[in-house]
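Next come two complexes, and both contain chain A; in the first it sits with chain B, in the second with chain C.
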Partner chain A sequence: MKVTLAMGNGGEENLELIERIQKFFHNDYLQKAEDATPLDGIEKPVMTTDSFTISPLFFNGGDIGKLSIAGSCNDLAMMGGRPLFLTFGLIVEEGFELKMLDKILNSMAKELKINGAKVVAGDTKVVPKGSVDGVFINISAIGERQASLSQRNIEEGDVLLVSRDIATHGAAIFAAREGIELDNQIQSDCASLWPVIEELMENVDIKAARDATRGGVAAVLNEWARARGLTMEIDEESIPVSEPVKGICEILGFEPLVLANEGTFVAAVSSKEASRALEILKKHNPNAAIIGKVGTQYPKKAILKSPWGTKRFLDMPSGEILPRIC
Partner chain B sequence: MRGMEVELKELYERFRDPEAIKALAFKIEKEAQKLPYNINIMEVCGGHTHTIMKYGLLQLLPKNIDFIHGPGCPVCVMPKERIDHAYILSQKEDVILCTLGDMIKVPGSLGSLQDARSRGADVRFVYSPLDILKIAKENPDKKVIYFAIGFETTTPMTAALIERAKSLGIDNILYHINHVRVPEVMETLLEDGKARIDAFLGPSHVSVITGSKIYDIFAKKYKKPVVVSGFEPVDVMQSILMIVRQFNEGRREVEIEYKRSVTRNGNLSAQRLMEKYFQRRDFRWRGIGDVPLSALGLKEKYSHLDAEKVYDLPNNPIDDHKLCICGDILKGLAKPKECRVFGTACTPQNPLGSCMVSSEGACAAYYKYGNIL
Partner chain C sequence: MKVTLAMGNGGEENLELIERIQKFFHNDYLQKAEDATPLDGIEKPVMTTDSFTISPLFFNGGDIGKLSIAGSCNDLAMMGGRPLFLTFGLIVEEGFELKMLDKILNSMAKELKINGAKVVAGDTKVVPKGSVDGVFINISAIGERQASLSQRNIEEGDVLLVSRDIATHGAAIFAAREGIELDNQIQSDCASLWPVIEELMENVDIKAARDATRGGVAAVLNEWARARGLTMEIDEESIPVSEPVKGICEILGFEPLVLANEGTFVAAVSSKEASRALEILKKHNPNAAIIGKVGTQYPKKAILKSPWGTKRFLDMPSGEILPRIC
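Let's look at the complex of A and B:
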């Protein structure tokens, strides 16, 4: 069965579609079925919104549903926020397979559980064929801050870490789009980061964290350098990149540092906390690594140091690297 | 792809091996102490400029060796009036304009192809010219125009596309040919004489096609050492060492460092294919000016496939921005940082001149990698 325009008409078919969707997200808030949902008091609220338009909708390591929940909850987590409530807007193309829609909704529900968050409001629109590419999802999410993580806390001497090997999402999507087949399929890192951030916050005085989505690790480092007027000094050798990702990057001429991630973050901690932070990160992914430190020599720049003793700027990525990867 | 993976791994482990790079730096340092005078090496190809900047190789070299960045960046040397051709063609009714990579973002006087696309033109970029066969087959009622750019590296692919289209009976592809050649522009720079070029780092991929024999004239007539180098940092360091040794041993020769791909005679079947469809023509190089017979165009008998002949396109030269010194940079007379607008009014996002537009351009490489010394 396919989604029809009638399912967006506000009538009987519309109700059926809404019920079909609701059963994936069943909770007390949704059950009230009011025009808007009253929420309980939230201390130190933190809020975000994000839209998801990825092509292909299903990829190795996830789908648009998983990506949308993980992506928006990760934004909260990076600010030290425990994800609590989400709303979503679903825009579906006429003719989209209902079975596929169920699969996406199921992924969303699974990812919500990992974050301990609830959907409290939703909206669905069906648009004529060709108006969107399958499904677009917008999510707004609100959480409660457990610690004040912020780029403002970053200082000279801090140590920079990544939570796992980088660039798998960008590489997986590109391989899928270009029909590049590899012996070892690259799996997107698409994942919720709240569990690892929560454990990290409980054990380490973590100053800042940012998930390295579009623009990759390079974008995060440049944003931090600019925001603080400091230098992010990275040892090229220490950046974890898997062999298949290196291979794709060689073929297509990309740098892993600018490719997108969907479940990888960069963290800044004081130097005395670094080894403890690494220990915790490694429990979640053995490829986590210390990649560099914060200096002052080149204000507002990220610097890449080669193993043969030279250095260069690590530039902010620009232009069209990959359209619609998230 | 297993075979490919092994090769790739070898590439980035062997030819980017830190110990090898350090050892070569040490050898160059030692050998360079014997140099009778400071030497300027021109790396002809933008790919080498990129390697030198990306891997910070200048930081490893002694003070008496310097690099002059050459004109070997296909997008950088495209004059604005020809970029305008692409824009104008893309605006024609029932036209799909196809081109390679960076070309899509270079602004001419009317805008870039990216701008054309946002105004509704059907502009597509392809990884391989042969992808155009599929586009042409799927759109029989449209004219597909291939805006072909590049040095000898990409020229055989264009010839192969023409040949394949002919044998498949696909007749809705037209060609706008901007294939340029390396030797004539190298000679122009030497004849110009203003820049002190002591030796050349020969292009990698161009030489795979042409063979190293095209550089004989530079060693024989102009007494300049030429070393054809691969694109990896170990290749470039090894090639620098070979050049320094030529000076110290009083030799002026064409040598091949990139032996894993380049021979003296090159790829003969690719050369035959090029000769079948193309003939030499004059070309106006952005920043450098008119260089006789330095480019290729379609032969007379294929003029019905030639977009420049089929459509009426303006050919008045359009000058670069007054403050831009790309001409001097391409000729080896100035370095990007000597330009007043470098990194301020001229950035990769808003380039004023040719060397900032393509990622292979010298200004773009300096901007991106910082030229930290």
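Let's look at the complex of A and C:
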């Protein structure tokens, strides 16, 4: 059965589609929803929004549904926010298979549970064939801040870590699109980060965290360097990259540092907390690593240090990196 | 100058596009935004989300930018919520004119002021030509509830009002698409309703309000009837419809009651408050009218009474009413 235009037009068939969707997200808040949904009070809210236009919709390691919930909740988690309430905006192309839509909605529901968050409002638009490519999803999310993680806290001497080996999401999507066959298929890192961030916050005085999505780790390091007028000094050899990802990067001529991740973050902690932070990160992924520290030599720059003592600037990525990666 | 794929990919050009967009929405919250934006505490939040896929993007009486902010804030207002914080998700087609984008953003900024609301987070995705038709916008909004307007408050004997003449948005979009030339061009009712709702709430014990968007007034009345197990009894002759809209409806064979509005609402008040409510509504639009009352004769139904005493059911709209109306 396919999605029809009539299902998106505010009438009887629209109510049926809404009911079909709502059963994936059942909760007490949705019961009270009319034009908008009354929620419980929030003392320290933190809010984010993200649209997802990824192609293909289903990929090794996830799909647009999982990606949309994980990605939005991750943005809250990076600010120390426990994910609470989410809204979704689905834009569906006429003729899209309802069975595929169910699969996407099911992935969303599963990922919500991992975050302990609830969908409290949704909107579904069906547009004529050709007006959109398949399904686009917008998620807005609001959470309660448990600690004030922020790039503003980053200081000289802080240690930088990554939570796992990098660039798998970008490499997986690339390989899928280009039809590259590998012995070890690369799986996207697509995952919710709230559980590991929560454990980190409870045990370590973590200063800042950022998930390395579009633009990859290079974008995070450059943004932090610019925001603080400091230098992000990275030991190139310490950056964890798996062999299959290295292979893809060589074929395509890309640096892993600019490829997108969807469940990998960079963290800044004071030097005395670094080994404890690494220990916790390694419990969640053995490839977590300390990758460098915060210096002052080249203000607003990120630099890569080679094992032979040479240095080069790691620039902010530019150009057409990869459209529809998320 | 046109939007390029490079502007949507997390790198240098992406930052430039973000800066271009942010200057329309400048505020203190955005200054503190990183992956997510810290907000002030909200005691009685109410939240909504809506995607806008309207075609054409610019129409008589508004554009997708004005529509998106007004439409989302209206959903909060209908629940008694003062609009506070909004997020937007822009999905832009590669090659879209930046000048047109500026025009849309400017309309958004103007409408935000009317609502006293602020954009606190945004996301912009650029997708390859053909993956989306022009620009789609998602808005999520959170407000603070000033009174508990809800369909749950509706009781037998309550009086039903509309805030102005109906069906102008649907008729205007129809006329524009079909290329129908009229002596009096129809202007969409697209407008923010918070100011009139606020005045109503301050002066009248208003029970429920709902803006009659997709599915029109017919959808609102049927939803209320079903939610309360009551009858919405409408005097057909009392429904305000302008002559040009009547003309369009005759040409196209539509009932004004099923056509979309974007700045028109139905309100339910106790009978003793009805004349006071009408007085306030008329200050904002002289075509506001009392259109009927709440009865019990046909549970879960809306009925239309003719001036000759005959009755017919006003059904929930169904079928392909009009895609991309909002």
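Basically, the second predicted complex is superposed on the first by the 325 of 326 C-alpha atoms of A that agree within 3 Å, B and C clash if a C-alpha of one lies under 4 Å from a C-alpha of the other, contacts with A are read in each partner's own complex, and residues count from 1 in each chain.
Criterion: contacts are C-beta pairs under 8 Å (C-beta built on N, C-alpha and C of every residue); 3 or more make two chains touch, one makes a residue touch a chain.
Quick caveat, the model's predicted, so the values are computed rather than measured.
Enquirer: What is the contact status of A:R20 with respect to chain B (first) and chain C (second): first, second, both, or neither?
Expert: In the superposition, A:R20 contacts neither chain B nor chain C.
Enquirer: For A:S318, is the partner it touches chain B (first), chain C (second), both, or none of the two (neither)?
Expert: both
Enquirer: Once chain A of both complexes is superposed, is A:R214 in touch with chain B (first), chain C (second), both, or neither?
Expert: The second partner, chain C, only.
Enquirer: Which chain, chain B or chain C, is in touch with more residues of chain A?
Expert: When the residues of chain A touched by each partner are counted, C comes out ahead.
Enquirer: Touching A:I91, do we find chain B (first), chain C (second), both, or neither?
Expert: In the superposed model, A:I91 contacts chain C only, not chain B.
Enquirer: For A:H284, select first, second, both or neither according to whether it touches chain B, chain C, the two together, or no partner.
Expert: A:H284 sits against neither chain B nor chain C.
Enquirer: Considering only the touch criterion stated at the top, classify A:S131 as touching first (chain B), second (chain C), both, or neither.
Expert: second
Enquirer: Determine, under the contact definition given at the top, whether A:K110 touches first (chain B), second (chain C), both, or neither.
Expert: The answer is neither, since A:K110 touches no partner chain.
Enquirer: Once chain A of both complexes is superposed, is A:P45 in touch with chain B (first), chain C (second), both, or neither?
Expert: Second partner only.
Enquirer: Looking at A:T310, would you say it contacts chain B, chain C, both, or neither? Reply first, second, both or neither.
Expert: So A:T310 only meets chain B here.
Enquirer: Just which bits of chain A does chain B share with chain C as contact spots?
Expert: The overlap between the chain B and chain C interfaces on chain A comprises residues 318-319.
Enquirer: In their shared complex, at which residues does chain B touch chain A?
Expert: Touch residues, chain B against chain A: 1-2, 4-5, 8-9, 11-12, 18, 21-22, 25, 53-57, 59-60, 105, 348-349, 367-370, 372.
Enquirer: Any idea which chain A residues touch chain B in the complex?
Expert: For chain A paired with chain B, touching residues are 180-183, 237, 243-244, 246-247, 250-251, 298, 301, 303, 306-313, 315, 318-319.
Enquirer: In the complex formed with chain A, which residues of chain C make contact?
Expert: Residue list for chain C touching chain A: 4-6, 8-15, 34-51, 53, 55, 74-76, 78-79, 81, 85, 87-91, 94, 120-123, 125-128, 130-133, 136, 138, 140-143, 145, 148, 150-151, 210-211, 213-216, 219, 258, 260, 316-325.
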